[in-house]
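Heads up, the next two complexes both have chain A, just with different partners, chain B and then chain C.
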Partner chain A sequence: MPQVRIIAKNFMDMVASLPAIKLDKLYHNPFICEAILRSMPPLAKKYVLQMLYIDVPVTASLLNEWVLPDGASKHRVAVDRLIQLRVFTELVDRKKETTYVLNQMFKMNLREHIINGGEPPRKPMAANITVRLPSLEDLDNYAAQQWECFLLHLINSAEAEVTTKSISPSMMKVFQRGLLSQRDKEGPRLTESGFQFLLMDTNAQLWYIIREYISNSEDRGVDSADLISFLLELSFHVTGEAYNVDTLDDVQRTTVKDLADLGLIKLQQGRKDSWFIPTKLATNLSISLSDASSRKQGYVVVETNFRLYAYSTSKLHCEILRLFARIEYQLPNLIVGSITKENLYQAFQNGITADQASIKYIVSFLQQNAHPRVAERVPSVPENVTDQVPHHLYSND
Partner chain B sequence: MTPVSSKQYADDVSLLMVLIDTNPLFWSSTAAPLPFSKFLSQVLSFLNSILLLNQLNQVMVIATGLNSCDYIYDSSLGLTTQRVETLLQKLEEFVIKDEELNKDDSVDGIGSSLLSGSLSMALCYIQRVFRSGSLHPQPRILCMHGSQDGPGQYVAIMNSIFSAQRSMVPIDSCVIGSQHSAFLQQASYITGGVYLKPQQPDGLFQYLTTVFATDLHSRNFLQLPKPVGVDFRASCFCHKNTIDMGYICSVCLSIFCKHHKKCSTCGSAFGQPQTNVSTSNQKS
Partner chain C sequence: MGHGEHSGRPSKRSKSSSKEDQRAAAFEDEDAYYVEDFNDDDRDGDGDGKKRDFTKLELKPDHANRPLWACADGRIFLETFSPLYKQAYDFLIAIAEPVCRPESMHEYNLTPHSLYAAVSVGLETETIISVLNKLSKTKLPKEMIDFIHASTANYGKVKLVLKKNRYLVLKRLLSDEVENVKQRCLPNALNYPMLEEYDFRNDTINPDLEMELKPQAQPRPYQEKSLSKMFGNGRARSGIIVLPCGAGKSLVGVSAACRIKKSCLCLATNAVSVDQWAFQFKLWSNIRDEHICRFTSDSKERFRGNAGVVVTTYNMVAFGGKRSEESEKIIEEIRNREWGLLLMDEAKFHLCFLHLNYVHVVPAHMFRKVISITKSHCKLGLTATLVREDERITDLNFLIGPKLYEANWLDLVKGGFIANVQCAEVWCPMTKEFFAEYLKKENSKKKQALYVMNPNKFRACEFLIRFHEQQRGDKIIVFADNLFALTEYAMKLRKPMIYGATSHIERTKILEAFKTSKDVNTVFLSKGRLQDRMAGGKEEYNAFFYSLVSTDTQEMYYSTKRQQFLIDQGYSFKVITSLPPPDAGSELSYHRLEDQLSLLGKVLSAGDELVGLEKLDDDTDDIALQKARARRLVGSMSAMSGAKGMLYQEFRTGQKGGIGKSKPKDPAKRHQLFKKRFV
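Let's turn to the complex of A and B:
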């Protein structure tokens, strides 16, 4: 049975997989050059910086001399990445030696940046315009709420409020593809990927959705390179500042509307103009690491007797826990459940293969969302639970 | 597929403290290999490129003057737009203030900059970052120094070096002047930083990006200049002269070039030297 795996690496893997012509076009935008440079492995960044003012091709043997014997593997990874991103062009000169040249456009844009310093992509709203802007905290809450709402909607939860969801059903179908499987008579069920998806952290989930959004863009008549460049540009905006929607072109305007539904952007109508305010989700988009401040506080306490206490009011959290635990009762701010054999079996029926990966997801989910009180302890999840959750399954077979 | 790692900071996030020598006596002398304006523009490009490498990188610039030193730029305060303008304005204010302090006493020859002061300030800032939370970028100090060593600052500089060593902060040195700096050689040697005296100061930017832009993580994998020879000579506490041989207090380890009746630092009484050999001590 072919398995669909979610590869939630990062934005740049997607950029790297673009066809050469599109990639070259992307490098005309200085922000993309900047974002791409930042996404590279440390050694690759270093090479680019070192070669920025070297106009002749640099031979591979010279490049090798920069590295200590310990770094040989890292060096190869860095050079491969540079070639893959077409930042380096590999040439073979007359003496049969491999040489590398930096992408001309990329080089020019970075030189410009180094001399002049970075400029923001567009000017934020002038201070003299009186529009009440949400505070950063409000904005974070808005983003979290919007995202949660979207996820509930995505998994077709009965709990999803029938709010004014403007994401078109066809769009939703695209996102659901791979995550849900439709069986006859029954309602849609989570596939293995969907199961893993729900247990990932927000950044990884966001990235998965954005990836689907981008790969689907051609069907909507939007050039994927344009979309990527806009999304990358967005991450250079300042969180919480309002930007005029008039500065966007038509494609970007529809994109902004879609992103607002995901909680990446908050739209605000002023007296004359409308504004868009990027939230933390948008500005973190090109960063592949999870920012400490975007990390939500944990809420789960697991006891050695497999009982589970979740201090949360969120319906989404309840839905997620339901995937592998029996919810016993729900209080206004507390969900109590227990991880049982039956529930785990149930989770792994319906085509979800009981392989190690999914189990790891349950355990890592419990660890990552540990309540601050237990998170201080080592281990945050009792050892017998981390050991036995996988064991439960294998003992059955 | 592995679960998303909980790592929150990439390996190469760095906090770079740059100490710039603004000693007017050095920059106006013949010892300066390039004009200050040219030097500054190369350094500014270097700062831009450090901030370009990682969005979490932080740069802090401290000006080392003749009589004072001060923070002149902090990249964490935001405002990417007028990076250069703010820095230059602060620098100008600093130079004017530093000059005013100078009027009281005249300096003969090329005076030395207050390196000990700026090193201490850099270390203080790093300590503050260390204590502000569990998450912090990896700090390092880069001294861009031109003027001669001031033997009078020997004790203060050595203290700074040892406290940098204790807190595992490497001190990189880029010596622009015509002579090697014994203080900075020792500083980089003891703290595990890189000491470099560029052969062609015109290409300073290339030296800076090639050598000093290397983050601490990548230093494990890249070839960097090795220390050639380190001048370990100490200054005596009494006349601030750099000496090869001298007297050393057995109680507090203060160094003197001549024999004294008692130690000026801790007050211990010294006996009369029996022979020249018994009390003299070679520093290594």
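Let's turn to the complex of A and C:
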């Protein structure tokens, strides 16, 4: 089995890795330019703004003089990033000196933006048309529920009751690639990557799925640059506002339906119009993944005796805990289990190697999802548990 | 759950001439036990198949304010961070058996026996159900309500009354032995569990004993609570009170005796604790010297007057062999007297300071014998641990009575009543040469000596002593129950040691030096001498426990059991695998292979009888008679003594609150031993 490591990079990393033509095409969209600018390291932002109205190439040596000696490493990171994003084009002039020019399209769009100010990509619909919009809390719950449902479906859990409506089985297969092993006899089982995937936080999971969704887009006849620009555009919409579906082109309409399955968007139908409402998942897409503010409240208590109590009604949580624990009791708002050697073995028999990385994922999952009661205590997961999970695995009795 | 040992298994300490001992001696092959023992390792024994789904239970709207969940199968989960925790804990400990009690969530099981205990302390069926319902986040499952009804319906219908030195039970059952009657009345038989109560205030037949608690004897809240469970309705109930070591069981015992104010027979596990109990009686109460006496092989005192307190050992009472004339007279008195209170110390396995080793095992047959010999109105068992195998609980229930109260370790630690203890287990791989010998069949009797003398273990021990002595200025006590090892370690490291044969004067001298002198920082103790340590100001420090375990040997098995007990009580447990650290190797002993091999030679050439457990010659009259047989038992008895590890402890001599109260977050401040593991 090929080793698929999930690296939860962010949206901008993906943008940066696009081929040159696609990238240049992206910069036709002013929102992309703004989003790209926002995502840059501070020093890179400063260079872009400083060079915005310089129409001649700037030499590398001049650029070097803009920073103090101790900023050299940051300088290098910033310049590398700008070149990677093709915001800078590196040229060698006649005197054999390295120079940089700003991407023309990018420059024009930003200048335009600075002079005329930004306009939202779409105007929200008037409140008198969209009468029964969900509250922000309802919307969050909806998003969480959709996402959970999608994940249960993704891992082929028997607990998945409602099938996702829009995402086709073939698309599901695409998502499952790498996460589930497709051995015919035993039925699909979670791979090591799948195991780690389930233990990641929602933002990281979401990003993984979106990345797959984008890279698979060409097979569906959708231009990945178009898709990226639409997704970035979405992040400029306001959470909870309604936007008319009529403003979308065909590709975008299909995309919106897929995104609804993932919980990024809620679709509603009025008497005449239909509209889409972006959820927090959509508007947070381009935000840094490690943003703690988007983290949900924890629910897991791990005790020194390897008992585990999860304050949750979620079937997905139950499935996740089952990866490394024996579930013993299920109560209306509590799941009780214990982390046992047997369950860990079981997890690791599914082709998942008991390496330090997988263990770290379990431990950091437990830490990140610690119930508020124990989250304040240090450490939130008892040391003997974090210490002994490896022992649990390696002791060969 | 297997924290303890199989019932009826005699201990090394019970060298009375009982037949069971001899039978056990026939079990020469230690391994015969392990096969059985491993089976009860799996605590719940159920895989995912038995997973219980109670999601359909109806949550009450204000469930967040209520502290517990109750399941149809009798399991109860309690949030310790609930504002109602204290009340809920007191209630649950009265009606259910604790399964585990770590920091945030406790688990309890409702069993027929636990409900029997509940009824015994005066709780009524409807009260149990309604309080449980009030505390529960969900509606109570119907199964649980039915279960409570079914289990409590018959309690208290049979009463056992002791009058004029004769037991009166229901007529129909009169022909039975009293003990059989009681057993037959338990839930698993007739289901007419009895209540044993003593209306001591109206007992005009037995003379009163003049004794009061001294004003300075102020029971702590949990001690007060234990007593209130015992004397709840103005009469004295028989039963067991479970308090952790160091929590002050003796004050509870003395207080109980002071309330009943009748003759009291106090049973301890050995001569040292007899002395201590006598001391405690005088410390806490105003009992007159002539009213309290000790009865051991050394001191055969008798109290004057018609009521008094006798402190003796189980062995002294249960001893079946020939006694001296003097002893015979005293025992005759003990037999004939109608005791107001039978106080039984360490009524079960004694895990001292929550660690590591079962000491003072008083086997069930000994209880039975003692209880059948003596006649008492009220029996109070005091213990640190209850073994929760149903069979055991049954034993205790009919022998003494139900559990009256059980304190929670962690709450007592948080309240500052007992020491906060950090436990670490140091895994020491066997050296190649030692392991090769360990595996040989002909060395089966030397197994223990081989894993205790494992050079890697010795080096880890030496390292820890050096570290704590030199770098932290701590005081250190090292325990071992293997006398051979104790001597070897102490001699090699040039440290004083105390064991069974150490004279009283010498012992006192060593301990005094250990407490006060800057030059004596480490002392080696045999486990039988545990009381020596306990006599100190045990509540004042936070302690560290290390237990050194040779990996891949039988010790690992004991270690697993020990860990289970500790973690179920809420203690965290660390495993340290790399001691001594690689860079500290050469200055420690047994660095060179020749040294290790000469040590191996020493172990192998020592006689089998030398390398077994230490025998404590403390209790009976006829030590000489017993000795020959006892010696032979030693080798095979090691299987029953619980952990075999060397045990090592250090505690701060300075003011309290230093170590361990809360673990430092900053890795730089971490205890150096542990820091290494986080690099």
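Keep in mind that, in the parts below, the second predicted complex is superposed on the first by the 377 of 397 C-alpha atoms of A that agree within 3 Å, B and C clash if a C-alpha of one lies under 4 Å from a C-alpha of the other, contacts with A are read in each partner's own complex, and residues count from 1 in each chain.
Just so it is clear, contacts are C-beta pairs under 8 Å (C-beta built on N, C-alpha and C of every residue); 3 or more make two chains touch, one makes a residue touch a chain.
The shown structure was predicted, so the numbers you read here are calculated from the model rather than taken from an experiment.
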**Message:** With the two structures overlaid on chain A, would chain B and chain C clash, or do they fit side by side?
**Reply:** fit
**Asked** More residues of chain A are touched by which chain, chain B or chain C?
**Response** B
**Contacts of A:Glu328 with chain B and chain C, given as first, second, both or neither** = second
**Request:** Figure out whether A:Glu119 sits in contact with chain B (first) or chain C (second), or with both, or with neither.
**Result:** first
**Request:** Go through the superposed model and pick first if A:Tyr27 touches only chain B, second if only chain C, both, or neither.
**Result:** neither
**Message:** Once chain A of both complexes is superposed, is A:Trp147 in touch with chain B (first), chain C (second), both, or neither?
**Reply:** neither
**Message:** With both complexes overlaid on chain A, does A:Phe306 touch chain B (first), chain C (second), both or neither?
**Reply:** second
**Request:** Give one of first, second, both or neither to describe whether A:Phe197 is in contact with chain B, with chain C, with both, or with none.
**Result:** neither
**Request:** State whether A:Glu65 touches chain B only (first), chain C only (second), both chains, or neither.
**Result:** first
**Fill in**
For the superposed three-chain arrangement, angle chain B-chain A-chain C (C-alpha centres, nearest 10 degrees) equals 100
**Asked** Rounded to the nearest angstrom, what is the minimum C-alpha distance from chain B to chain C in the superposition?
**Response** 17
**Request:** Under the touch definition given earlier, write down the residues of chain C that touch chain A in their complex.
**Result:** 44, 46-48, 50-59, 63, 69, 71, 75, 77, 81, 100, 102-105, 107, 137-138, 556, 564, 567-568, 570-575, 662-663, 665, 677
**Fill in**
The answer for chain A against chain B in the complex is residues 5-8, 34, 37-38, 42-43, 45-46, 49-50, 52-53, 65-68, 70-71, 74-75, 110, 113-120, 196, 200-201, 203-204, 287, 289-292, 295, 357, 360-361, 364, 367-368
**Request:** Please give the residue numbers of chain B that touch chain A in the complex, ascending.
**Result:** 1-4, 6-12, 45, 48-49, 51-55, 80-81, 83-84, 135, 205-206, 209-210, 213-215, 217-218, 220-223
**Request:** Going by the contact rule at the top, pick out the chain A residues touching chain C in the complex.
**Result:** 301, 303-307, 309, 313, 326-334, 336, 342, 371, 373-374, 378-379, 382-384, 387-388, 391, 397
